[in-house]
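Following this line, the structures themselves.
Each of the two complexes below includes subunit A, the first together with subunit B, the second together with subunit C.
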Partner chain A sequence: MNEFAVQLTGVGKDYRFFSLNDVRLEVPVGQIMGFIGPNGAGKSTTIRILMGLVHQDRGEVRVLGHSMPKKQAAAKRDIGFASEDMRLYGSSTLDWHMRFVRSVYPSWDESYAQTLLKRFDLRREQRITGMSHGQQVKAGLLLALARRPRLLILDEPTTGLDPVARHEVIRELTAVMQDDHRSILFSSHNTHDIEQISDQITFIDRGRIIDCRDKESFLDRWRRIRVELPGDVDVPALPGIIGVLQTGRLAVATTNAFDVSLPRAYEAAGIRVHAVENMTLEEIFVTNVHYSREGVAV
Partner chain B sequence: MNRALVMRLIVKDWYLSRVPLALVALAGAVSTGLLYSGETAGLAGLISALIALVFLSILIPQLTVVNERKQGNLAFVMSLPISPAEYTMSKVLGNLSAFVLLWAAIVGAVLGTIASVPGAGGVIPLGVIAALAPFVSFCLLLAVAIVTESELLSMVTMGITNVAYSFWWFLFRLPGFAEGLKSPVPIWSDTILTIIGGQIAVIVLALALTFYLQSRKTDFV
Partner chain C sequence: MLSGFVLSQADGRPMYLQIIEQVRRRIAVGDWKAGELLPSIRQLAADLQVSVITVKRAYLELEREGLILTHHGKGSVVAARTDAATQVYEQELTTHLEQAAHLAGVLGISTREVQARLRDAIEQTKPAAVKP
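Moving on, here comes the complex of A and B:
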């Protein structure tokens, strides 16, 4: 069995005003990959390439062992897909959609679909046009989840949802991962959602992957060190420090390779260390994008 | 080719378009009924049958292709285990079958009625050309809608094909076209057969180009 649910190697796609360049992305089987990027960074393009909806201009794409876009029909048998801009047929009921999807996928699990109906508080007789945005998103997720796919590809599924609905969706995705053979690629610009459920995290900006590692590495390696300088001098350059914000004698150094030796090195240079602070995933993401746009190797 | 899934997608399009299609069928039935209701009503029946066919030629591609794209349903369809070729096949066959079914019923009823009137056989070649005109418009619109997925270009195509109906009177100036209209039996002159051949060629070409251009397309949403 293939150890990766998703593999992209050197993938590129050119549009008139945007290019996706040299994308390398691997989602191991049984893992949740959080895919974070600002608006227009290339998340949706990457995901559309994964689904065969957009064909890459260069590079290789394999999804569940199938080469894309050539073998997309075979790959999509085991993919559940939901995206923020995907709409169900407004004039039809959720029940009609459920029967339609069930007729396409032999793996459809009716009892799980019933459970999801209750959990998401949806009515199968209701027309899609009569549903709120949150209900429509949950209906789309129900259709994707109840077919029991090996891979879930979710493009901004929680965008526009209220906190309760977001919590329900996140809880359900966590439950899906109790099966070790399933994988999820979850794109969002909401780092809070990603931080809750992801094992691996990839940052994308301006069509390039700027960082990719497991969540714990991100959270362990990134720190803010608040220091006070002994006089009117600059903060000395230390390996692992990617940026310093200095105001008079006070400074904040940011590192993406934290080690206990870093604050000790400052103290050895006569610099008083006030605090070593953890960074949230959002702070790490914003800092990462900021420095990568300035050409700093992060 | 996943024939079962292509068939499901065709049935889905029929189902989602069932109400407007039923209304066109009703309009066709009323038009045919008018043909039996005297000379003035008969003329109204002919015109309303043609309008029903023109409406049908626009309605199906608009509902099943343009709206699907506009309302964001295309991503849902393309997330199913189908290839772009299967999607194209389902759209072309689904649209064609729904159109041909109603088109053949309305055209058959109208031409059958005309043929049953003693001495009116000469009108039948004109009737065939008139019946094929919405078929040509339908195929052109279907091709543009599927290939470009653009509402604007589909509307432009609709406009052009609708304006083209205004140039019908030019046909009457063609040698061998108007002469046979008063004949009691159909006269299939070279001019008539050339026009019909041209219409059929456009239909075949539009459908063939749809498959060809779709096979070269790289962006589907």
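Moving on, here comes the complex of A and C:
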């Protein structure tokens, strides 16, 4: 079996005001990939390409071993897709949708669907038009999850949900991963959700992938180092430091390649290190986008 | 085995460190005995709603410390050692002392003063009965 559930290599797509360039995205089987980017970065375009909804101009796309968009019919049997802007039929009930999906996909798990109805606090008989935005998002997720697909592709699955619903969704996604043959790709600008449950993380900005690695390395490599300078001098340039904010004798240095040798090097230069701080994924993301836009190699 | 772990979102420490600490405690208080099977990595990840890679990392560190043993394909068990609890508290003491030393450095407090204050702290934690 292929070791990647999703594999994009050198993928590009040109629009009049936007282009996606040289996208490389790999989701290992048995893992959750969090796909993070600001609005308009190319997250949804990338997801549409790997679903075969949009055809790439360049590059190779393989999903569950199938070449896309050519073999999309075969690939889609095992993909559960939910996106924020997915349209369900407004005048039909959730029950109608459930029976429809069940008739198309033999893998539909009715007892799991029942459990999800309860957990997501949804009612079968309710028409889609009568549902709140959050309920519609949950309905879309239920329809994708209850098929028990090998790959879940979720575009902003937690956007617009209240904290209770978000928590339930996160719980279901982590429960899915008890089976190591299944994989999830989910895009979000909610870095908190991604930080909690993702194994791998990819940052995208302005149509390009700006960073991609496993979550633990992300959190390990980025640090803020607070220092006190001995006098009216500048913080010396050290390898791995991507930015320094200095006011008076105090400075904060940011690194994306932390190593214990960094604070030691400061100490050796007569600079007192006050603290070495961890950064949240959100801080890492924002800093990463900032420096990549400024042209600093990160 | 149910872990009964509760992770803190407001705690500044990374999730994997929190998991390590909670496993250590379970072992230290004797809830998890030598030879007992730990929850599988995927089970604990689902239980705590964190990523598999985070739990994997915590287990790797615990293995390195010798607190657990991992048999490939069979899961992880608590290592057969009796000094697990002692080792945990020993480790904690080291951490606290290091922190104290660091803070003393930040505040510019002399070694002599730190020693004196540690002595005071020890005196204060002694049971009241032995005081005159």
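We take it that the second predicted complex is superposed on the first by the 298 of 298 C-alpha atoms of A that agree within 3 Å, B and C clash if a C-alpha of one lies under 4 Å from a C-alpha of the other, contacts with A are read in each partner's own complex, and residues count from 1 in each chain.
Everything that follows uses one rule, which is that a contact is a pair of C-beta atoms (placed from the backbone, for glycine too) under 8 Å apart; a residue touches a chain by one contact, two chains touch by 3 or more.
A quick note: this is a predicted structure, and the numbers were derived from the prediction, not measured.
Overlay on subunit A: subunit B and subunit C fit together in the combined arrangement. Of the two partner chains placed around the shared chain by superposition, subunit C is the only one that A:Ser198 touches, whereas subunit B remains out of contact.
Once the two complexes are overlaid on the shared chain, A:Gln246 sits clear of subunit B and of subunit C alike. In the superposed pair of complexes, A:Ser83 makes contact with subunit B only, with no contact to subunit C. Contacts of A:Leu219 after superposition on the shared chain: subunit C is touched, whereas subunit B is not.
When the two complexes are overlaid on their common chain A, residue A:Thr174 makes contact with subunit C while staying clear of subunit B. In the superposition on chain A, A:Asn278 makes contact with subunit C only, not with subunit B. By the touch criterion stated above, A:Val54 is placed in contact with subunit B alone, subunit C being left untouched. Using C-alpha centres, the superposed arrangement gives subunit A a vertex angle toward subunit B and subunit C of 150 degrees, stated as a multiple of 10.
Of the two partner chains, neither subunit B nor subunit C is touched by A:Thr159. Smallest inter-chain Cα distance, subunit B versus subunit C, after superposition on the shared chain: 27 Å.
When both complexes are aligned on chain A by C-alpha atoms, no subunit A residue touches subunit B in the first and subunit C in the second.
Within the complex formed with subunit A, the subunit C residues making contact are 12-16, 42-43, 45-46, 49-54, 57, 105-106. The touching residues of subunit B, when paired with subunit A in their complex, are 2, 5, 8, 12, 16, 71-73, 75-76, 78-84, 86, 218-221. Across the complex, subunit C is touched by residues 30-32, 170-171, 174-175, 177-180, 196-200, 214-216, 219, 272, 274, 278 of subunit A. Of all residues in subunit A, only 48, 51-55, 57, 72-74, 76-77, 79, 81, 83, 85-92, 100, 103-105, 140 touch subunit B in the complex they form.
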